[in-house]
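Chains: A, B, C, D, E, F, G, H, I, J, K and L, in written order; residue numbering restarts at 1 for each.
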Amino acid sequence: MRPARRPRILFVDGPNLNVLGTREPEVYGRMTLADIRRAVKETARLEGADVRFFQSNHEGEIVGRLQEARGKADGLVINPGGYTHTSVAIRDALIYAGVPAVELHLSNPARREPFRRTSTLEDVVAGRIAGFGGFGYVLALRAVLHLLREAGGLAGR
Amino acid sequence: MRPARRPRILFVDGPNLNVLGTREPEVYGRMTLADIRRAVKETARLEGADVRFFQSNHEGEIVGRLQEARGKADGLVINPGGYTHTSVAIRDALIYAGVPAVELHLSNPARREPFRRTSTLEDVVAGRIAGFGGFGYVLALRAVLHLLREAGGLAGR
Amino acid sequence: MRPARRPRILFVDGPNLNVLGTREPEVYGRMTLADIRRAVKETARLEGADVRFFQSNHEGEIVGRLQEARGKADGLVINPGGYTHTSVAIRDALIYAGVPAVELHLSNPARREPFRRTSTLEDVVAGRIAGFGGFGYVLALRAVLHLLREAGGLAGR
Amino acid sequence: MRPARRPRILFVDGPNLNVLGTREPEVYGRMTLADIRRAVKETARLEGADVRFFQSNHEGEIVGRLQEARGKADGLVINPGGYTHTSVAIRDALIYAGVPAVELHLSNPARREPFRRTSTLEDVVAGRIAGFGGFGYVLALRAVLHLLREAGGLAGR
Amino acid sequence: MRPARRPRILFVDGPNLNVLGTREPEVYGRMTLADIRRAVKETARLEGADVRFFQSNHEGEIVGRLQEARGKADGLVINPGGYTHTSVAIRDALIYAGVPAVELHLSNPARREPFRRTSTLEDVVAGRIAGFGGFGYVLALRAVLHLLREAGGLAGR
Amino acid sequence: MRPARRPRILFVDGPNLNVLGTREPEVYGRMTLADIRRAVKETARLEGADVRFFQSNHEGEIVGRLQEARGKADGLVINPGGYTHTSVAIRDALIYAGVPAVELHLSNPARREPFRRTSTLEDVVAGRIAGFGGFGYVLALRAVLHLLREAGGLAGR
Amino acid sequence: MRPARRPRILFVDGPNLNVLGTREPEVYGRMTLADIRRAVKETARLEGADVRFFQSNHEGEIVGRLQEARGKADGLVINPGGYTHTSVAIRDALIYAGVPAVELHLSNPARREPFRRTSTLEDVVAGRIAGFGGFGYVLALRAVLHLLREAGGLAGR
Amino acid sequence: MRPARRPRILFVDGPNLNVLGTREPEVYGRMTLADIRRAVKETARLEGADVRFFQSNHEGEIVGRLQEARGKADGLVINPGGYTHTSVAIRDALIYAGVPAVELHLSNPARREPFRRTSTLEDVVAGRIAGFGGFGYVLALRAVLHLLREAGGLAGR
Amino acid sequence: MRPARRPRILFVDGPNLNVLGTREPEVYGRMTLADIRRAVKETARLEGADVRFFQSNHEGEIVGRLQEARGKADGLVINPGGYTHTSVAIRDALIYAGVPAVELHLSNPARREPFRRTSTLEDVVAGRIAGFGGFGYVLALRAVLHLLREAGGLAGR
Amino acid sequence: MRPARRPRILFVDGPNLNVLGTREPEVYGRMTLADIRRAVKETARLEGADVRFFQSNHEGEIVGRLQEARGKADGLVINPGGYTHTSVAIRDALIYAGVPAVELHLSNPARREPFRRTSTLEDVVAGRIAGFGGFGYVLALRAVLHLLREAGGLAGR
Amino acid sequence: MRPARRPRILFVDGPNLNVLGTREPEVYGRMTLADIRRAVKETARLEGADVRFFQSNHEGEIVGRLQEARGKADGLVINPGGYTHTSVAIRDALIYAGVPAVELHLSNPARREPFRRTSTLEDVVAGRIAGFGGFGYVLALRAVLHLLREAGGLAGR
Amino acid sequence: MRPARRPRILFVDGPNLNVLGTREPEVYGRMTLADIRRAVKETARLEGADVRFFQSNHEGEIVGRLQEARGKADGLVINPGGYTHTSVAIRDALIYAGVPAVELHLSNPARREPFRRTSTLEDVVAGRIAGFGGFGYVLALRAVLHLLREAGGLAGR
C-alpha cells in the first residue's frame, strides 16, 4: 500500500565519485555526478519521491551523514566507492540508519581487481545493483521505492 | 541511438525457479514465475521490446538454450539458481551467446550461506541485480535495454 | 506417537548408483541397487511403511523428483553420489521438499579422496549415515521412520 | 556367516555425555545416557550380542579403555563428544584396538559450529552415524553387528 | 605386442564443444567438431583403430555414455569442457569405464582463468594433452593406442 | 535490582596456573595463585559475594567441575590456560553450566605466539579480560557481579 | 607506589559511539556515551584520577588526538569502534602516544560477525576488556590505573 | 629529451608522518619532516624541478589532494603511512591523478609486522623505494624525474 | 604453409633425466634417454625436422642453453624435471627464447605428490603433454611441428 | 667442562606408548617400552648419567610431571605421542621445567598423516630426533648430554 | 662521517640479466647490462666509490660470490632475477656477507605475475628499489653509499 | 646382524656449509666443517664404517653426487642447507640413490623463520635429526648405521 506522504530517499556517494566523468571513463562512463543527479531527480519527480544527495571523500563524514538519516530518510542508495571494501564504520552507521538500502556500483566489481569482490556492506543492504553506469542510480531509486511499497510504510514519521 | 527493430531479450531461469511462490517464501517472496513474467511482459510492451522466457532444472538444457540465443537474441537476463555457484558450462555458453547479459537474483546472496557469495558468471555479465524479489526482473529488463541503447546497436541481424 | 496412515518414504539415488555391484566392488560392495531395494522393501514391510525408489544420472531430474516429493512423501533418503560435493541445485530442491531427510553413503567418504569430505547437503539433512554399504539403506529407513515418530506427524496429508 | 560365540560390543562415550537429558535438550534431546543404554541393551538382547558401556570426561581414561578393548571386544561404538575434533590420542588408541568401529553423534555436527565439521577419527572408523539422537546408538549397534557379519569372524578369541 | 583385434577408442566431448569453430575462435581455433572428427578418422584408418564419437551438453548423458563404454571400448579420449572443473559424477563414471583414458583440452587451461587449473579427472586419467587445438585429438588417439600397446592387451573381449 | 541472596562465583583455573609466581614471571608476574585468591576474597567481601576456587591440570576434571557448577554457582570466571586454544570439551561444559562467564587471561594473548589468538570459549562467554596480571581476577569478579545485577537474578535456587 | 601527581587518563571513542543508547540496544545496551562518562568520572573521583574524553567518527582526528596525548596523558582507554578491524594509522598513533593503553569493546566481538575477531591494536595495547557494556569503561579505568601503579610512575612530567 | 618547462613534483605524506623525528626513531630515524623537505628542495634546485609538499592524517584529504594534482603536477612521490595497507580510496585517487608516481617508505616494511607487506598502491605506482629513511625522498625525486625524462614529456599543460 | 627450410627443434631435459631407465621404473618406465632420443630422431627424419638435445642437472646451465636457443631454434620441447615446480629462472629464459614450446612430463604429475601439480612454466608454454612415458617426446615433436605449421613461419632466419 | 655431579635426565612418554611392541609394529617396531628403557639405562651407565622414566595417557599428569622436573632434572627427553600435535598445556609445562629438552618420535611423522607434521613443542625444544624407532631414545640421551656439556653446567642444584 | 678509504660496492646480478636489452624490452627496457654498468661507474667516480660487478645464471655461483664478499666489500646491490622468489641459499649467503645490501628490480614486480610479489631476501636487505629500469642501479649505488655514511664506517678492514 | 663388509656412508652438505664456524655462530656454532668431519671420522673408526664427504653450493652438483651414490654407498647423511626448503631435484636424486638417508640440521629449523619449517626431503628420508650443532653429524652416523643393521644388509655389492 502506497503511503500518502512522499518517500524521502538519500543518495550517498563516497570517495572519488565527485570526479566522475573525467575519471577512467572507459570504466565509469562520461556522465558526471551532476548528470546522474539530474536523471535521478527526473525519475523521482515521476515517482513522487523526495531525493537528497551527499558526496564525501571522508569516511567520517559519510558515517555522520548516515547517522543523521535515521528517522529522516525512508530509504538509502549508497555507492561507497573505495570504502566499499574496507569500511566497517560505514557498515555500522548504515545499520544504525535503520532503513532499506541499496548498494550501487557504476562498474561491475567482479570484472576488476580481485579485492573489489568483497564489500563490508553486502549483507546489511537489502539489494545490490552493479554494472550499469549512471543509469544504475535510476534503477536503484526504483528498487528502493519498490522495497518501501512492499514493506507498506515509511520510517520516522 | 534507438534502433528501428525491436530488441529481443531472452530470460533464462535455472533450477527450482519453476516452483517460485511456494519455495521458501520468506526468502523468495510469494510471486510465481508466471506472475513475474506477466510484469516483465507489461514493461516490455511499454518499452517496445520482445521478450522470451526459458526455465529448466537441467544444466545441459540451459547450455543449449544459450547457444541457440547467439544471433537470435539482443540481450539476456539470467537467474541461474543453484547453478550460479557451480557451472562453468553455463559460463562458457553465455560467453558464446555473445550479447550483453544481466545476472539476476531474487534474494541478496550475501545475506545467505557463504557458498552463495561466489558466481561463475559474475565477471562475464555486464551487470548484476540482486535482492529485489520478482521486481528485479523488471529492473533487469530496463537495465539490459539501457545497455543496448548505450552500445547503439542490436546483435545478429 | 505412531500415525494411522503408513508413512511414505522416497529413496533418491544419484549418478553411477545404477551400476552398483560391478562398480569398484572393493569400495562399494557387490550388492546391486536391486538387491538393496529388496532389502529395503522387506524392512519397510515389517515397519509398515511405503517406499518409492528413484535413480538418475541427471542432476536436473533429481531436482525435479525432489520437487514432486513435496507434500507426497513424508521422508527422504538420499544418496546423491557424485553430486554430493557439487550440487547446490539439489540442496535447494531438498529444502523445497520440506520433509526430514537422511543423507546416505555406501562407503565412508572420509577414507577416500579429500574432495569427498564436503557435502552441499550436510547441513540441510536431519542426519547422515555412511560406511555400511547397502545395509546403510536399511538403517536409513529405520532412521527416517524414527524421525517421523519423534516429530509426531506426517507431511502433506 | 554368523559365529557361534556372541559378539561383544563396547560403547564408549566422551565428555559431557554423562549429563545428557539436561544438556541443551533442543540439541541433544531429553533421553539420559541411562535411557539410551536401556534401549541398546534391549536391541542387543534381540540380536544376541553382549554390550559394555564406558563414559569418561578424561581423554586419558578413554585412551586406556580403548587399549583394554584390544582382543576383548569385537566391535566399538564411540561418541567422543568434544574430543571428536581435537584428540589424536584417542585416534591412536582406536587404531590400536583393532576392531570395526562406528563413530556416533547425537546431533548432526554439520548443522552446528564450523569447528564441529572435523573429526580426528573420521578416517579410521568403518562408518559414521549422526543426527538421530539417542536412537542413533541402536542404529550403530545394528551397523557394527552387520560389519562383523560381513567380515565373517570375531576378534580376539 | 599388437593385438589381432582392432582397438576401439571412444571420443567423448562435453558442453559447448558442439559449437566449435564459431566459439571464441582466438582461443579454440576455427576447426569445427566435424573437421576434428575427420582428422581423427584418417589417423585411425592409418593406425588400424575403430573410433566412436559422442558429444553432449548434459553431465548425466556423459555419465551414461561412459558407463556403456565399460567392456565395449578399449580406450577413451575425453574433453569434458566446462565439466572438467566441477564434475565428480563424470570422474566416477570414468573410473567405472575401466580403460586407459586421455584428458584433452583444445587450449592450455593454465593460460586462462585460475579456476580452469583444476580438473576432477586429472588423477584418474593415464595422461593429459592440452594446447594444440583440434590437432590434439590426433595426438590423443596416438597416445591412447600407445598406452594399449604398452599394456599388451585390449579390454572387454 | 540487587537480590537478597549473596551471589556465588566460581573461579576455575587450568593447567600450569598452580605454578604461578615462578612461571615465566616476565610474562605472568610474580603473584602466586594464593596471592590472587586473597585479593579476590577481599573484593568479594566488600561486594558481598561468595567465591569458590578450583584449579586443575586435567581437562576432564575441569569439565567435571563445570558440570557440578550448574545450579550451584551464579557466575563463573575461567582462565583455561593452555586448554583455551584446544578444548571443545570445556566449551561444552561451560555451556552446560548455564551461567554468565568471564574468560580471563593474565597476559595479553595477542602479544604472544599466533596460536594463542584463538579461543574455543570466546563466543560462549559473556565477556573477556586480558593483560592485567593477577589484578584481572579482581576486575573479572566485578564484571561478573555486574552481569548478574544487569540480568536481575541469580541462578539455581 | 602511588605517585603524588594525579594520573591523567584519556578516553578515546571511535565512529558511531556518539549514538550509543539508540544504536542496536540489544547489542550495545541503552546507556548513552554521556551516561558512561558520568560513571567513569565518579570512579575517577574516588580513585583520584583526572579523565578526559574524546569521540570522533574521523580516523584522522583520532590519529591527531592520540598524537597530542604523547607526554600529556599517563594512560589511555580506547574503543576504536569500526576502526578496530581496519586502521593501521590509529595503531601507529597509539604506539607514538607511548603510554599504557586498554582496548575496550562494549559487546564481545567474538559473538558477532567473523571480521570483528581481528583488531589492528590487539598486540600494541597492554590489555583488553570486552563484553560488559558501558560498565567496561569503569573496569578499564581501574585497569589502566593498576598498570600505572605497577609501572611505578607517570609519563610526560 | 628534457622539456623546457620545469617539472612539478608533489610529495604526499600520510598519517603520523607529521611527528617524524620523535616517532620510533630506531625505526624511522631522527630526521623531521621539515629536515626531509629541506633536503628534497636542495636536490630539486639542483635538478631544476618545482616541488610541493602535503601531509595529512585524513584519508579523505589525501584523496582530495591527489584529485587536485591531476593536470597540475607532473609526478608524484607518496608515502601513505598507515593507509598503505588499507586504502582503496587513495589508490583510486592516485589512478585519477594520472601521472607517474613513486611509493616511498622510510623503513623496509618487509622487516616489520606481516600486515605491512601488502600495499594497495603497489601495482599502480611506477616504482617503489623503501628502507633508506629520509634520504629515500631524495632518491624518489631523482627517480620520478628520471621517469619523466624517459616518457619525454610533462603532463597537464 | 610449410616453409622450405627444415624446422629446428631443441629438446631440453632437466635434473635426473640422465638416469632414466633405472630411476623408479614403475613411474618413469624402462626406456633410457638414449632410447627416447633414437625414437625422436626417427620421427624427425620422417617429418623433415632437425632435432638437438640437451640435458643438465644444473638450473643455470638450462637457463644458459635456453638463452642460446633464441634465434637458433624454431621450437622447444622441455621436460624440466624437478625444476618444473620451483624455477622462475627457467621460466624467464623460456620467455626469452621466444619460440613455441611444449612442456613434457613422462608421468602424469597429478597422480603423484601434491607439490607436483604446480608448474612455473605452465602458462608460458603453448601446450602440455604428460603421462605417456618416453613416447610423449615423439608426440611433443609432432605437436611443436604442428604449432609451427599453424603459425606459418620459422623463427630467427 | 664436565661437572662432578651426574646429570639427571627425565624421559617422558605420552599416550599409547605403554602398548609399544604390539601397536602397529610396522610403524613403531617390536621393541616394548621396557626394552627401550633397558637400552637407555645401559647407555646412561656408560655415560655416567641418572635416568628416570614416566609414561602416562593423561595430558594433565604429563603437565604435572614436567612441573615437578623443574630444578630436579637437568635435561628432558619427551615423546608426547598423540599430544604432540594438540597440547598447549604440555608446551607450557615444558617451558616451565626450564631445562634443555629433546623431542623424540619413533617413526618419521612426515611420512604419515598430514596432521602429524605439526608439533606444539617444536620451537621450545632444543632439538628433535625422529624415525629411528626405539634406538632414537639412546640417541636422544646422547644428544641431551651433549647439550648439557655444551652449556657447561647442570640445572637446579 | 665519511671514511678516508673509498667504499667498495659489489653489484650482483642473477639469471637472465646477461641478456638485458633484447629481453622483453617493454618490461625491462633497452639498456644492456654493459650500458648500466657504464652509468654506475660514472656515478661511482663522482661519489668516490669502487664498484665491482658479477653476473651469473647459477644459484651456486652467486652463493659463492657473496661468500667471498665478506670482509672484501662494504656494501652490496643485488638483483637476484628469477632467484628472488625461490632461493634460500642466496638469502643465507647474503646474511653471511654481513654488509648493508640493497635489493634491486628493473621492473615493479607488483605489476607482474602474483608469484613475483614474494622475495626470499626482502627482510634481510636494508632497503629495496624497484621499477626504474637501469637507472635503479644508480639510485641503488647512492642508497648503499648513504647507508654506509649513516653507519659511519666500512666493513672488513 | 652385522655384515662382514664395512658399511660405506656418504655425507652430503649443501650451500653455505663450507663457511661454518664464521657463519652466524650464535645459530650454527663455532665448529668448522673440517672439525665436524674429524669428529665423524673418529666415530666411524670406532664403529667400523667408511665415510665420504661432499659439499657444494650447487644444486646440480648435489644432484649428480647423489646419483653416483647409487650402488656405491650404503647410507646417506644429508644437510641440504638452503636447498632443504626448495629443491625437488635433490629429493628426486635422493630417491634415486635408493639407500637409507638421515636428514640433518645444525640448528632447530622450528625456532627460526617460518619458511624453514618445510622440507622437500622430509618424507623420503628414514629419519631426521636437528638442533644439536656439529654433534648431530655423529648422531646421524650412529643412526644410519643402526638403520643398516636393522635392515640386515648393505646395498650395491
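Going forward, a residue touches a chain if its C-beta (ideal position, glycine included) is under 8 Å from a C-beta of that chain, and two chains touch if they have at least 3 such contacts.
Since the structure is predicted, the reported quantities are computational estimates derived from the model, not experimental observations.
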Which neighbours do chain E and chain G have in common? none
Which rotation angle, from 0 to 180°, best lines up the CA atoms of chain E with chain F, given as a multiple of 5? 180
Determine, among B-E, H-K or J-L, the equivalent of interface F-J; equivalence here requires over half of the contact pairs to be the same by residue number. B-E
Interface sides of chain B and chain E: same vs different residues, half threshold: different
For chain B versus chain L, what separation do you get between their C-alpha means, in angstrom? 64
How many angstrom lie between the centres of chain F and chain G, each centre taken as the mean Cα position? 23
Gap in Å, rounded to a whole number, between the CA centres of chain K and chain I: 33
Going by the touch rule set out above, which residues of chain D reach two or more other chains? 58-61, 86
For this structure, give each pair of chains that are touching. A-B, A-G, A-H, B-C, B-E, C-D, C-E, D-F, D-J, E-I, F-G, F-J, G-H, H-K, I-K, I-L, J-L, K-L
Sort out for me which residues of chain C touch chain B in the complex. 58-61, 63-64, 67, 70, 86-93, 95-96, 120
Mind listing the chain A positions that touch chain B in their complex? 102, 108, 110-111, 117, 119, 122-123, 125-133, 135-136, 139, 142-143, 146-147, 150
In the complex, chain B touches chain C at residues 14-16, 18-19, 22-24, 56-61, 81-86, 115-116
